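Got a structure here, written out as structure tokens. Questions coming.
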Amino acid sequence: MSLSYYLVFAAILFTIGAVGVLVRRNAIVVFMCVELMLNAVNLTLITFARSTGTVDGQIIALFVMVVAAAEVVVGLAIIMSIYRTRRSASIDDANLLKY
Amino acid sequence: MSETLPADGLLGWSWLLIALPLAGAAVLLLGGRRTDRWGHLLGAATVATAFVLAVLCTVQLAGQDGAPADVELFTFIATGELDVTAGLLFDPLSAVFALLITGVGSLIHVYSIGYMAHDPGRRRFFAYLNLFVAAMLLLVLGNSFVALYVGWEGVGLASYLLIAFWYTRPGAATAAKKAFIMNRVGDVGLALAIFIMFAQLGTTSYAGVFGTVGTLAGGTITAIGLLLLLGACGKSGQFPLQAWLPDAMEGPTPVSALIHAATMVTAGVYLIARSAPIYDLTPTARAVVLAVGALTLLIGAIAGCAYDDIKKVLAYSTVSQIGYMFLAVGLGPAGYVAGLAHLLAHGFFKAGLFLGAGSVMHAMRDSVDMRRFGALWNKLPITFATFGLGYLALIGFPFLSGYFTKDAIIEAALDRDDVWGWVLGGVAVLGAGLTAFYMTRLMLMTFFGRARWEEGVHPHEAPPVMTAPMVVLAVGSVASGALLVSVFPLSGWLEPVFGEPAEAEHVVAPAVIGLVVTLVMLLGVLAAWLFVGRREVPVAAPVRVSPVTRAARNALYADAVNESLFMRPGQWLTRALVWVDNRGVDGAVNGLAAGLGGSSSRLGRAQTGFVRTYALGMLGGAVVVAGALLAVTSG
Amino acid sequence: MIEAPDLSWAALAPLLLVFGAACAGILVEAFVPRSVRHPVQVGLALAGTVGALAATVLLAGTREVTAVGALAVDGAALLLQATIAGLGALSLLLFAERSLDPARSAFVVSAAVPAGSPRDRELATVPRVQTEVYPLATFAIGGMMLFVAANDLLVMFVALEVLSLPLYLLSGMARRRRLLSQEAAVKYFLLGAFASAFFLYGLALVYGAAGSVRLSEVRAAVGTDGGGVLLVLGLALLVVGLLFKASVAPFHTWTPDVYQGAPTAVTAFMAACTKVAAFGAILRLLYVAFGTAEWTWRPLVYAAAIASMVVGAVLGLTQTDLKRMLAYSSVAHAGFLLTGVIGLGAAGTGSGLAATMFYLLAYGITTLGAFAVLTLVRDGDGEASHLSQWAGLGARSPITAAVMTLFLLALAGIPLTAGFTGKFAVFRAAIEQGAWPLAVVALLASAVAAFFYLRVVVLMYFSEPVADGPTVGVPGVPTTLVLAVTAAATLALGIVPGAVLDLAGRAAIFVG
Amino acid sequence: MSDFPWLLAMIAVPAIGAAVVAALPRERALLAKQVALGVSLVVLLLAVLTTLAFDAGGPRFQLTTSVPWIPDFGSDFALGVDGIALVMVLLIGVLVPLVVAASWHEADGGPRPVRVFFAWLLLLEAMMVGVFVATDLLLFYVFFEAMLVPMYFLIGSFGGPRRQYAAVKFFVYSLVGGLVMLASVIGVYVVSAGVLGEGTFAFDTLTRLDIDPDVQRLLFLGFFIAFAIKAPLVPLHTWLPDSGAEAPVGGAVLLVGVLDKVGTFGFIRYCLPLFPDASRFYAPFVLVLAVVGILYAALLAMGQSDMKRLVSYTSISHFGFIALGIFAFTTEAGTGAVLYMVNHGLATGLLFLVVGMLIARGGSRRIADYGGVAAKAPLLAGAFLVAGLASLALPGTGSFVSEFLVLIGSFPERPVFTVLATLGIILAALYVLLMYQRTMHGPARGVLLQEDPAEPLPGAGGGGATATATLPAPQRSLRVADLGRREIAVVAPLVALILVLGVYPQPLIDLIEPAVVATLDDMGAASGGTDR
């Protein structure tokens, strides 16, 4: 079975993530959608590692996970702080800065 | 035109003619109040000295039997092919004018000492008067058209300053402006003529231009001639630019006498006479000169019949008389001398008349309304006598100056021996009749009849410092004609300039002409006596008058025409343009700025502050970028 | 059995110094008593950055690819690293300013405390300072320096994150107007993560097409024909990620909000250093990896440049907040920088690289200075950044106004300031490459932009002072130092730029 | 003598002077004024000495100094003067001290420190000298743009009520032009790099490369637009009336008298020799703008009710004459145009100064607020008249010579345009005499009848406002006093110069002509005026 399925699947995941970012209000969920996009990339990387027969892809995937973890830490910290202030995780409420 | 000699002897100093009055003006203007006490004396002295010098120069000129002297002074403008040297040309023609200007000028300076005695601005007055004399001498002595142009506008300035001498009177200020503007219109013509000369001949000096003008195409020469004529009309108050001259009477009377009767207004005649070599080559331009002269002659005479303002009447008389001179010089070689003779004679009697009018006003508390004069002949005997002689000279009373010079012109006109000759001659004769009419009317209203003075007016004769010049001028008006025509013939003197006077066989015998003209003149006098002298002169001008009179009173609607044709449209245009500039041109600029601001705030709306909007924008951007790249690479 | 990669430690010295300082900073947080923490942290961070600066100077002329080809240490990388280190050090000085804010620091004591809560209100006044910002900033600086030297998409990605994550946090740490600060942090974080996802996906596609993420090998795969859909798509997504960091329209939307919300010192840091890093990466990516097929992306950059200049200039016109206005100005300048990028000929020839690097330096210095002036003008609630508050400043404190005017004129590109030299350089490069229409648009855009810089000057000098105007704080040593250096440099680069231009010219080399 | 760096000195002295003045303590206002006056007089002296050191018969550019400036751009700090630049420098040298003296009380009592005004004035002088003596295109451009800043602050800080609007308009307008020009400057550089291999900004070198005509047309436009904005040609002129009206009188004098001349200077120094083909190609178009400008601006001048706006419009009309002379491509017209720049500087300078003095007395810029002033202040009226007559180019004033040269030189090449332009002299007489009559002649009106001078008039101009504020109490009481000693000292030299140049202009012509001939040779035009 062809690898392109994986690529297409990954692309679909990525798109879902992207759309999620656009449509969801809850900061946490939005952030999870970003994570989904990252993981779609991981899948792509693994697939390509397979197809090109190199290990770089898998190594990169590992890097990505580490970075993603770091991102989660930072991200949640920020989101928490604003949540505690505003008592709401809706990113649409954070709308003081505009125009 | 005979070859010029290097100026030696006194002629080498002829630049002093201009320098002296100029220095006088400078001293008086810069000296300020310190010079108030003796300023007028200095002013008169400089001009008198200039006169003496002019006489001496003329004598020397006569000594070298009229061979013109060229006085190179310094390089004025020299660049590229243009080379204008500031220099003077002292030849019989300019000599005549120099004598007239300085002679009449010094008389009028003397007169003014008395006339302006009580005016706080007397020093300023003499400064301006000196300035005028200097400019006028430059005009007639310059050796190139550029020098002439400089003097030309110089006298314009002096005239402006003197007309507006009593500048607190709105009338005077406006009249001065009007005079300057209408002169400028003429100056444009003069300037363009000079441009053509340079473009075609590469020079602007008299010698250069007259030497080579023959090589030009007829059309070009005609163009030059017509443009020069435009200039002449502006300066000499000829149709269509005559309207400023009567208004110029707002100036002090000596000014009217010197500038607006004797000298400046005749500059146009000088220009045409000076440019004889050009006009000789272009019959067309000459024809136009004739037409202008004839037309103005009538306009002036007709308007002169209707005014009650003594100075205005004299002014229109001047317009009309200069019309005679134009007519004369328009006739070409045959008429130059006649025209100039009339110019000189006119210089004497018209100046005299104005000074007389001044003395009358002096007596009548500066009133100029002839309807409030009358019966002054025994109150102002000297004025009456001198004025009377001037009057007789002007209307061409036999064997006084006007008689000779005017007849000469009519002769010359008839000598053309064609239908136009008869027309012009007829017009001239008719003019003579009208002249007689309005001048007689003036005499009657001023000196005879019942005294119609405003109460509290006690006429008294002017002081000798004023009457003396009047006497001299009166003598001149009586004698000059005979002198110039027979005793000391002008034609001979001007021969170096205009060449041998062609000995034309007369179509009509001069005696006959003299007789006819005299008869017509007597008719005019008679008419005047019938209309004015016989009956009582109403103190207020009658309102219900014939259309002819009304037209004459409005100087044939010259001002109305100017206003409706130029002034009002100009004002509308200006107002319209101001609007265009603010709303249109500037509006476009500000509009652009406003547009940017507007689009800025509109674009700013896109910056909603919602993360998800931004993300959408980024996604859209990403799609576009990817799409674009794919498009570029695939196609 | 894995053999250890060969590392040329010398070439890595700048990076090692900075990262070392950063890690040490964390230890300091843990072990050094609070009383002395601040000076130690500041000293440490400055030592790291200034040391890095010195190291790059010593390394000048090096041209090598090291760390198994992951890093390219060449003229461009060193010059940009030096720029980043220098500007970073100046920004750290702004961080360290203690005499302007009555509470001795512009940073919140404890970001965890909810804004507006009683505890927060009590903390807002205590003169405790919070020192985590220094290691964070140092990490960001390290990430940026790594970013411009990355010869490998993976390293580039890691560097991107290393420089971004601390910035996300820093922008949320304002002591005053915390709500704005937090909002800025959230927006920056979410959008940044979103953008890096794009970058990463692009990386994956490139890897799939080229079989490697090493720029040299990518170049080989690209060839001159663009090398197929995958590579092109990959390039597109990578570029998106980078343009986001460089705040190029249409990926600029975060910039105004974050610049306005973040603590001014942090904004200055972002505006100056992030730009440099992002453009360093863009240049390297486009010319080392995709330089052989420049025809593919040139139109794109062309369009992006115009969009940025127009959006930045036009939107800047109606801004009423100085920080926001400077944000749009930074968008516009991103456009001008892209003009310089266009100015690079095929495979990095031409004066474009040097011009762009010079412009980065000039812009960094100028904008840093401008933001530094901003920190001086304060009212009860932190910086008085609203335009109306600046009315008549010229009368009240002429020096401040004069310095600000200098920076504004430089940003507007008036001759005898660094801004003009930079503009001239990039436009020359662009026109040399035949892109004169772009140059003309750029010039008109800068004319429009000049209009809003002038508005500030007009306010400061030509309008009468407002009644309850802001106070102009007396800056402490650090800010004074920053202002002096930036002002002097702005003038020097305008009047006698010869030496620096020459340096940039010699440094304009890519290896790898 | 000529190895002394005269030109550099003329830039450095005022620049340093500006720094010194700016550094003086606020309360030493009088000292600031004295220093400024001294410095400007030193510059005048330098300018005169430079003229003596200049050999009219010698090579085109003299007293040259050149040091490498930005090697990377191929640009040198190269200075040098030809006759054209020299007369402009002389003009600057003459005008600035007079402006300083005339503006003695300009900034007194105002909200802004006096020293700032004079510091900007001196800095402006340095920039203006630089712009004329630069022989390196980039250096010229740098001065060209930098020059805006001092003028911007002079207008904005010390101007009339609408000064903010005027200042920004002035700056942005000029900046747009300048930036468009920058594109062309770089374009020229790139072209030169293409031809010579090594790009350069050296004027001499640039004039020698022959650029492809199509490229020329593009590059020409860049330069032309910038210069056409500077020396306002219709329709790019609308900034000048605002700036001229709102600027402090001294600033207005330098703005119209010198700063705008950079535009016409640019035409003849850069447009013609660098882009000969394009110049010829666009000449008809430029001449149309010039002639339209002459008539259009003159008519507008008549329609103005604000004296300073009126004078600004007259200048726009005069700039039309200058452009006409330059784009007629004849020695006579070109020389006349350059001479015109000088004479217009003196004449309009005087006009602005006198109008300023009148406004300082009346406190209003509106013509309608005056009338019959001549009776109260004969000297003022006299100076006003001289200025006006010079502005309408009456023979005897310098303006006549230049206007005459421009017209007579243009006529052989462009008769139609010249005839139309000549009509302008009628309009000139109209707008000058109308203003003179309304303000000076007639019965006392407006401010002369004002009982209490303290209370400001309706529509009182800022220049006037500050000035009336500055008049010491005794002077105030009689509102329209005649010229004081200081004012006479300002007016007299200008009047003298105008008259002298009207009678004996040849020395200046001898300075200017060689440079003009060289320019026309550079563009291979018929330098002989007419080809008969």
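Note that the chains take the letters A, B, C and D in the order they are written out, and that residue 1 is the start of every chain.
Here, a residue touches a chain if its C-beta (ideal position, glycine included) is under 8 Å from a C-beta of that chain, and two chains touch if they have at least 3 such contacts.
Here the structure is a predicted model, which is why all the values come from computation and not from measurement.
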(request) Based on which chains touch which, give the shortest step count from subunit A to subunit D. (result) 2
(message) Can you tell me which chain is nearest the middle of the complex, judged by mean CA position?
(response) D
(request) Pick out whichever of the two, C-D or B-D, is joined by more C-beta pairs in contact. (result) B-D
(request) Please compute the C-alpha centroid of subunit B, do the same for subunit D, then give the distance between them in whole Å. (result) 37
(message) So the centre of each chain is just the mean of its C-alpha atoms; given that, what is the distance between subunit C and subunit D in Å?
(response) 44
(request) Please compute the C-alpha centroid of subunit B, do the same for subunit C, then give the distance between them in whole Å. (result) 79
(message) Just the number, please: Cα centre separation of subunit A and subunit B in whole Å.
(response) 97
(request) Check each residue of subunit D and list the ones that touch at least two other chains. (result) none
(request) Identify all positions of subunit B at which a residue touches two or more other chains, and write them in rising order. (result) 604, 607, 609, 611, 615
(request) Any chance you could list the residues of subunit A touching two or more other chains? (result) 18, 21, 30, 91, 94-98
(message) Can you work out from the touch definition every pair of chains that touches here?
(response) A-B, A-C, B-C, B-D, C-D
(message) If we count contacts the way the header does, which residues on subunit C are in touch with subunit B in the complex?
(response) 186-187, 190-191, 194-195, 198, 226, 229, 232-233, 235-237, 239-240, 244, 250-251, 253-254, 256-257, 295-297, 299-300, 303, 311, 314-318, 448, 451
(request) Provide the residue numbers of subunit C that touch subunit A in the complex, in ascending order. (result) 111-112, 114-117, 154, 157-158, 161, 165, 168-169, 172, 178-180, 182-187, 189-190, 193-194, 197, 200-201, 203-205, 207-208, 211-213, 256-257, 260-261
(request) State the interface residues of subunit D toward subunit C in the complex, per the touch definition above. (result) 68-73, 111-112, 138, 141-143, 145-146, 148-149, 153, 156-157, 163-164, 167-168, 171-172, 175-176, 179-180, 182-183, 186-187, 189-190, 193
(message) With touch defined as at the start, can you tell me which subunit C residues reach subunit D in the complex?
(response) 354, 395, 409, 412-416, 420-421, 423-425, 427-428, 431-432, 436, 439-440, 443-444, 446-447, 450-451, 454-455, 457-458, 461-464, 496-498, 501-502, 505
(message) Which residues of subunit A touch subunit C once you look at their complex with the stated criterion?
(response) 7, 14, 17-18, 21, 27, 30-31, 34, 37-38, 40-41, 44-45, 47-48, 51-52, 54, 56-57, 59-60, 63-64, 67, 70-71, 74-75, 77-82, 84-86, 91, 94-98
